[in-house]
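Next, two complexes with subunit A in common: one pairs it with subunit B, the other with subunit C.
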Partner chain A sequence: MATQHSRSAARFMMAPAVILLLGWMLIPLTMTLIFSFKKYLPLRGGDLGWVGFDNYVRFVSSSAFWPSVQTTLIIVGGVLLITIIFGVLLSILLDQPMWGQGIVRILVIAPFFVMPTVSALVWKNMFMDPVNGLFAHLWKAFGAQPIEWLSDLSLFSIILIVSWQWLPFATLILLTAIQSLDSEQLEAAEMDGAPPLSRFAFIILPHLSRAITIVVLIQTIFLLAIFAEIFVTTSGAFGTRTLTYLIYQRVLESQNVGLGSAGGVYAIILANIVAIFLMRIVGKNLDT
Partner chain B sequence: MARSVTTRRKTINTLAAWAIGLLIFFPILWTILTSFKTEAQAINDPPLFFFFDWTLENYAVVQERSNYMRYLWNSVIIAGGSTVLGLIIAVPAAWSMAFVPSKRTKDILMWMLSTKMLPAVGVLYPIYLVFIELGLLDTRVGLTIVLMLINLPIIVWMLYTYFKEIPGEILEAARMDGATLKEEILYILTPMAIPGIASTLLLNIILAWNEAFWTLNLTAAKAAPLTAFIASYSSPEGLFYAKLSAASTMAIAPILILGWFSQKQLVRGLTFGAVK
Partner chain C sequence: MGQITLKQITKSFGDVQVIPPLDLQIEDGEFVVFVGPSGCGKSTLLRLIAGLEDTSSGEISIDGRDATEVPPAKRGLAMVFQSYALYPHMSVRKNIAFPLRMAGLDKAEQDKKVESAASVLNLTDYLERRPGQLSGGQRQRVAIGRAIVREPAAFLFDEPLSNLDAALRVNMRLEISELHQTLETTMIYVTHDQVEAMTMADKIVVLQAGIIEQVGSPLELYHTPRNRFVAGFIGSPKMNFMMGAFSSEYDATTIGVRPEHISVSPTDGKWKGKVGVSEHLGSDTFLYVDVEGIEDPVTVRSSGEVSFRHGDMIHLTPDPEKIHRFDNQGLRIA
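This part shows the complex of A and B:
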């Protein structure tokens, strides 16, 4: 039974974490909000006063805005599609009896532990380079013209790299979920003569639906923020400028802090829309 | 009745799984192999797989030219430091939320989670400005603090889900037997909490080691960890595949090894306990 005494002790123990996170959230957020209503050019005159919603309007009406939204959606959507489809298939395969299951699992999960700058550079140079890359060698071996991956198929290439990084995450979580499936249910269905495809559609998939939702939400939050992969491969060129990258360029490269901050506020709102759904699911789980 | 599995089916499963596993792992394998080649062999067409003159030269060159050890050391300090600091702050918080829950505990947990969702780019300039003001730009201290803060919600959450699983009856029983608070913490709670704390430590080191937004944007020459060091290879001169591979292999090897130990914790940590 919690006493008054232990309650105040608990509050005291919680205080450092709460205060730090509160500061970490409120201070920068307030600054971003303030900057977003100002004309603020650190290298060209500094703080030039309040401009109302000017930055918000200009950020959205700039010619780079809609393409960046489109790019973001294509990358996030493409990676989600690939990782979920292959993640489900792979987790079902890995759940089957086989020899060396532990080792295969390690092989599949490994890409998740590779730092983003390494995976982006290894793919960019050693695989996608149009002269010396492995893909170029492969294409030439079949007498085909090597592809300029990161300029001609830039979006596809980025999706490929990012999917490679996130497939392990989806697979691992879906595999964990599949292993909690009651195998007697599957056996019963099998004995009743349900073909594999209906067993998949009516037993496995419904069982996985919650895990899939969680994977989608968590990945979306991380994918909306991908940065290093674009930074070291195309630096936003060839139509790979995402919303995150556009804001980064406005703030640090062109040092237009007011405009970038307005973009930042949009990004925060977007992330929060996704976050609300995720938090609902996580919160429900907390009660049980 | 257990499902009987024919050897034939098991063989097919094994072959398919190994083929896909190796395909997914191939880029890492290729990087490791290339790191032992000469630069000319690294771009040889047709590609060389195992039959080439293995050399350790690249590893020596990477260290010599770029002082690799300094970046490695920065990574160790920043990832390790932010994790330890995070644990010191999070253990008491998670502890009190798990054992002395109040009506607001759930709200506080959810709010902490929401801070993790804040897109970094939205607060890039304010943090940049604060760092300049406080002289923290390109320092290990500054980066350690930022990485601690971005991962603090995950640390609190993971610890909370682990602590929640420690049965309260054990504490009551110990109290009945006359254990003092100190004995209770030292002999009963700590041994039960250590596996959870260790898992949290492991996952968090991995996350901090690989973090590549703040480490790229808040460091230059002095405090740059391995993520930023590798990024400097994006505009190299001359042949560099073998050297890039050697540097990459050294940067990912420690985390690959740690990662293999933490598969299970990864799921719990990254789904905030929603999938176990």
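This part shows the complex of A and C:
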């Protein structure tokens, strides 16, 4: 009886939080779904009635759709590649005993605390500006023609900015993973005749594989939604229009809420496909 | 071959010298046990021999060649770690084959050596499993297997049995001794357990604070301990020490008598005392007797069952031949 009572009491206590969370999630989701089946143009007549799957067809058949998917994937893939390779290297470096380790670790984590808008503006104006930027000065110092980063290498520039923001996250998780490696395993490998590179490949990297999958999973979910970095740097020009940015343009610049909502539903589906796919890999890795 | 010589080896961590100058000679095929209380530097000494720590000064030679600057992999030694240090993401087969793979042997030869090591260690059925799916004793055997395949000049064991339960420990102790008989390779074994040391060793090295207190065969150490420390450390239950009036009778600062060298009588004897706790093991009975003038209770080992009860007054008589005498430096008086 007591357990039954406490169980129903527990449910009762949890209810407000659960209802709030559900409302928070379900109301915007339902509204997105409803709008996606409507022709809704706020400045050009408002709600113009149901149109079925019209918005879905139009969103996909638009010439901007596939390039935006491609851009999204390039940015996500590029950032993942950079953050994981450099994250592993940095975490190995930070794991070495050195003077001022605590301060160095805090400094490494610092970029993660900078707001995306701020960091993107700093990169845009202080580093990548073709006239006054630090890179421009560096190039000129060597007598080279400064690169117009955000127009000539726009996609790469955005990958660079986003990587800079996410590198600390990857480093932090990989560092804790490296610290949990039993030093006797490395010593055993050393006695077994494994040179440093083999020790890295056969012992450290497999040990990190779980942490790497977790980094990939979490970063992918967040990177699919990056927006501020593109908004303040290129505003979607020069081939940097991601799926998220395309949806934003449809809703706010073209004032077509219905079309944008259909795009939003596509984005939800895409994110879920990625999530299921990754969950399987993680599940497999967590088993062993 | 597996002859190891340490000449004036020292090791310091910062300002702290954990191993003062130390000399040791280990002969080929010997089973040497380093024993001592925790923190006495026995593991450090083993790691110096393995090459996992650099010596601060002195010279290590293996088979007559100077190995002081040789990296661990090139010394031809194999080590079994306390935590076993198996590679968790590799199967047992890959774990055992790892040193061979690093040495660049071809696949067929690797397999042959792994199979033969596995059959020696009863691991054949477990080759495809991961270390996480094995019991403690099996993991231990995999770690030994990984050491065997390298055919090293000497095996180094760093407290390999301390993570096993008591019954398994006795089994593994026998298996390692058996392995030593089969392979006839030098083995250096570190433990804090004097029972392991006594049962397995050809030669025991007793260490305290980095200093070698005594080197000798188990029975040498038992019968003629060089000083009070060795006398108290070797033997179970511990030797009883007596001072003052008890020892001046024998012209010594301290005398020591092992529990098994004291006889008990209800009526007459040399010392009189009150029985405290008695532990009945069936084959033996350990009596803890409070004797006036001695701080710690005197431990007495009587064979068979003894029917003294708590609080009984009894008389103790030491075997005069088996009394160990120590001077004021704690050294043995011959």
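We take it that the second predicted complex is superposed on the first by the 274 of 288 C-alpha atoms of A that agree within 3 Å, B and C clash if a C-alpha of one lies under 4 Å from a C-alpha of the other, contacts with A are read in each partner's own complex, and residues count from 1 in each chain.
In this text, a residue touches a chain if its C-beta (ideal position, glycine included) is under 8 Å from a C-beta of that chain, and two chains touch if they have at least 3 such contacts.
These numbers were taken from a predicted model, which means no experiment stands behind them.
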item	value
Which partner reaches more residues of subunit A (counting touched residues only), subunit B or subunit C	B
Touching partner for A:V122 - first (subunit B), second (subunit C), both, neither	first
First, second, both or neither for A:I221, with subunit B first and subunit C second	first
Partner chain(s) touched by A:F202 [first = subunit B, second = subunit C, both, neither]	second
First, second, both or neither for A:A188, with subunit B first and subunit C second	second
On subunit A, positions contacted by subunit B and by subunit C	187, 190
Residues of subunit B touching subunit A in the complex	1, 3, 5, 9-10, 13-14, 16-18, 20-22, 24-25, 27-28, 30-31, 34, 43, 45-47, 89-90, 92-93, 95-97, 99-102, 106, 108-110, 112-115, 117-130, 149, 152-153, 156, 206, 209-210, 212-213, 216-217, 226-228, 230-231, 233-234, 240-241, 244-245, 248, 251-252, 255-256, 258-260, 263-264, 266-267, 270-276
Contacting residues of subunit A [partner subunit B, same complex]	2, 6-7, 9-11, 13-14, 16-18, 20-21, 24-25, 27-29, 31-32, 35, 90, 93-94, 96-101, 103-119, 121-127, 132, 134, 137, 140-141, 164, 167-169, 172-173, 176-177, 183, 187, 190, 211, 214, 218, 221, 224-225, 227-228, 231-233, 244, 247-248, 251-252, 257, 260-261, 264-265, 267-268, 270-272, 274-275, 278-279, 281-283, 285-287
Of subunit C, residues touching subunit A in the complex	50-52, 71-73, 77-79, 81-83, 85-90, 98-99, 102-103, 130, 132, 146, 150
Subunit A to subunit C touching residues, read off their complex	182, 184-185, 187-194, 198, 202-203, 206-207, 209, 288
